């Protein structure tokens, strides 16, 4: 496998380099998506299947699609604006020197790193049976370091509010040259793929309790199902959100906070779960997180307050 | 009950903001004001408890470090929470003016502002390196949408630049966290110190990334480019919060790291370098402030300059410097919030902030001009004001350690501040007849005028409240005296 | 047997690297996106092999996600969104 | 015996991938390159999948691999169809 | 106790260096976002390597940190892309003023 690893590492370095120095934006984006594929592979190699799932769904998948769509918008809005003016020669050379020194330092530091066994992670693995969930990463996310996850949901919500404030939604409407709209295969895609994507998403959320998967990966896949429907013109972005929709958006973070605060007087600490209920509570939290993540990512994609079904 | 107060200080405003988003414009402005009042009450109780019993800790989920995350309210956290509560209360009242009526705009303002308040409290209370990364992102991503509230057309370029720098800074910080975890096997501020002190390349790199990432977020020269356009174009209430609290949060982290996890690092060179950056920020920011043609940009560049003073702690590094740097942060926070709110009133009245065309404002806007003047005294560091006490403490620290060059920096900085402030006062307020007007607004109401004035008064009063505040702060961590 | 699977994975990775030439050279936008689709399929193949070699069944799900999102990327490429009228 | 069959499948699968990549690189225009993608690659993936499923000897794995293969065939044919149409139209539109 | 030198350490360093280079040299906001994401992937890879080098199995804590980091990075990037769309399609010609650096 050493050969495999070396080729993979080399490919990652080359792809990153090419993506940054690509002469035009589109090539940069395409190479970035390919880099995502390789990163997922390398994370699988590095014993992190959870992260490979996340990279496939969020990093390479949703982000790649969003980058492509944004590139299309820019292309349409300012067709001449093919490329940016490069930085001056001196700046580039300084940057080359600076980044080489920086990268070299990181590499030397990483190889000299003495990793001890006396770590928080070892303690996490040892206290798994107290966490109420077998899968170590999910246990860290929802129990040992649940506070991080809770605040992270806040970050997601704020990024969404910010995107809504900018009022630059991605609108998929037919116009001259949008050849895909009238293709009959679009409806095949919507009909065949969507249910499968939704099922895979729900499965991944559920799987988080005992194997790789979890609210983030599953939520991102569910958001992917929504994006698919948008691209196939089954859904469209809309300006008015109902209370229900907003409720689902904040469901994850609210459930987390309310459960934590309600149990605090009895348990003596915020987000401490009573041993008997821990599994049930974690499943409730995980599914509410997944719903909120899916909707937030979908709305971050469209940049609108709501999505609605197209009535045909 | 006391040990639950840190949690409530974070989650009252956070939950309040989330519910405001959920409810839309229903409940405006009663709901956010009630949440703000509760938050202020909770913070006051917490600060009181810290003052009488010393620091309060709360292990979240009942998991003690290194496995879990700790909230910790110590002296430094308490004074920052207090500053946030004071400025937050004033801004919440002020915002009733521009954002009091039910509208989508107002909904977003209150939701984001309460979320930002909760995020700031979370940042000050956090005692975990990775958790600090998440709270930094929370603060950034609630601050940038607030900037956009001024209307996306004007602020989008500034917001974009702000976002890019903030993202890069926090990722650099995260790299430092990653290496620190590799070295120490823990993320708790109190536990990573020994591993970072070993002096190896990895430890140095980790410390460098932690400091560098926070410096980018703190808008220290040369990473300041995003600050003036962002702070100069945001709505007044938002500029006040950004300058008084958000960038201060990043500098707070520098002080925190230097005295706790990085305390074992023998870094006289780094300390002098940070001091030099501070001096550069003071000179550059002041000179730029002097050259601006818009009132808000003067105040924004003044923030770039004033942040530099807090960095002078690093080379001085004695008890008095600690007191001086922190007290400077507090005094500047109060004074700068007052300046931005007063400026907001000017803009609301005449519809622009072009310095040369703001003449004779002292009659219609007496209260706001008064507030501007009071706050300016503190910014210039004249007695009796909070700014004076802070600079005096820093000056005596420079004398005590025999580093006269920092004393020179302090004195020149004060003179430069006086120059740009007096230029503003001369142009804007003391030349009759009346101002050129773009869009004539109403004379600002009491809710808009008084918060600025009270903050200005407080900036002066802080010249007399140094002793109890510094007692609460509790001296330089690790110092024997 | 594992050796064979490993060798196969390495060969597929090298084929992936060859496919990059088309991504870089183009010449048209369509060429590049097609090459991305091809590298996606190759990656799926590698993941299927790795799931057996590394005894990580979860990699099959990663492969599944790549297949699903490859279709989405293809569709996203051909759709031309605009900026909607301000909401 | 199983090992032997499975090896044959995997070697054949890699061969098809090789053919697909060579096609992608050597064929003269977009439309011919499409063939490389839709035909060779998916065949290669299918053969590879059969080989691994034989090795894995688990029903669940076999079903999952079959699902992946089915989706890959559908996805790539639809995507290629759309890209081809797009290319046709954009060439008409621009030149 | 000791770490095995593996090629991924170099890959992480390369991602970081390239991301840094891109952030410094590019002016186009979208390309800067790409560079920032590449830098972020370098950070994530560093975390994963740190997790892997723990004796006794991969350390779940850095994995959880990476998951949190990915979600934050993607949501911030999506927000940034909305900003880019807005700033580059604005009709009133919001010219970016030349930097003073």
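General remarks:
Labels A, B, C, D and E are assigned to the chains in the order they are written; within every chain, residues are numbered from 1.
Please note the rule applied: a residue touches a chain if its C-beta (ideal position, glycine included) is under 8 Å from a C-beta of that chain, and two chains touch if they have at least 3 such contacts.
Since we're looking at a predicted model, the values are computed, not measured.
Each step here moves to a touching chain, and the least such steps from chain B to chain E number 1. Summed over C-beta pairs in contact, the chain pair with the top total is A-E.
Chain geometry summary: the mean Cα position of chain A and that of chain E are 13 Å apart. As a whole-number value, the distance joining the C-alpha centres of chain B and chain D reads 57 Å. If each chain is reduced to the centroid of its CA atoms, chain D and chain E end up 32 Å from each other.
Averaged C-alpha coordinates give centres for chain A and chain D that are 27 Å from one another. In chain C, the positions touching at least two other chains are 33, 61, 64, 68, 71, 73, 75, 77-78, 83. Across the assembly, chain A contributes 8, 45, 50, 62, 73, 77, 106, 110, 113-116, 119-122, 124, 144-145, 148, 152, 155, 159, 162, 166-168, 170, 177, 179-180, 186, 189, 193, 196, 303 as residues in contact with two or more other chains. Residues of chain B found to touch two or more other chains are 130, 134, 137, 141, 144, 152, 156, 175, 179, 181-182, 187. Contacts from chain D toward chain A in the complex involve residues 67, 71, 74-75, 78, 81-82, 85-86, 88-90, 93. Of all the residues in chain A, the ones that touch chain D in their complex are 176-177, 179-180, 183, 185-186, 188-189, 192-193, 196.
Those residues of chain A that touch chain B in the complex are listed here as 105-106, 108-110, 112-116, 118-124, 127, 143-148, 151-152, 154-155, 157-159, 161-162, 164-168, 243, 246-247, 249-250, 253-254, 257-258, 260-261, 264-265, 267-273. Taken in their complex, chain B has these residues touching chain A: 4, 7, 11, 14-15, 18-19, 21-22, 24, 58-63, 65-69, 108, 111-112, 115, 118-119, 122, 130-131, 134-135, 137-138, 141-142, 144-145, 148-149, 152, 156, 175, 179, 181-183, 185-187, 200-202, 205. Residues 3, 6-7, 10-11, 13-14, 17-18, 20-21, 24-25, 30, 33-34, 36-37, 41-42, 44-45, 48-49, 52, 55-56, 61, 64-65, 67-68, 71-72, 74-76, 78-80, 82-87, 90 of chain D touch chain C in their complex.
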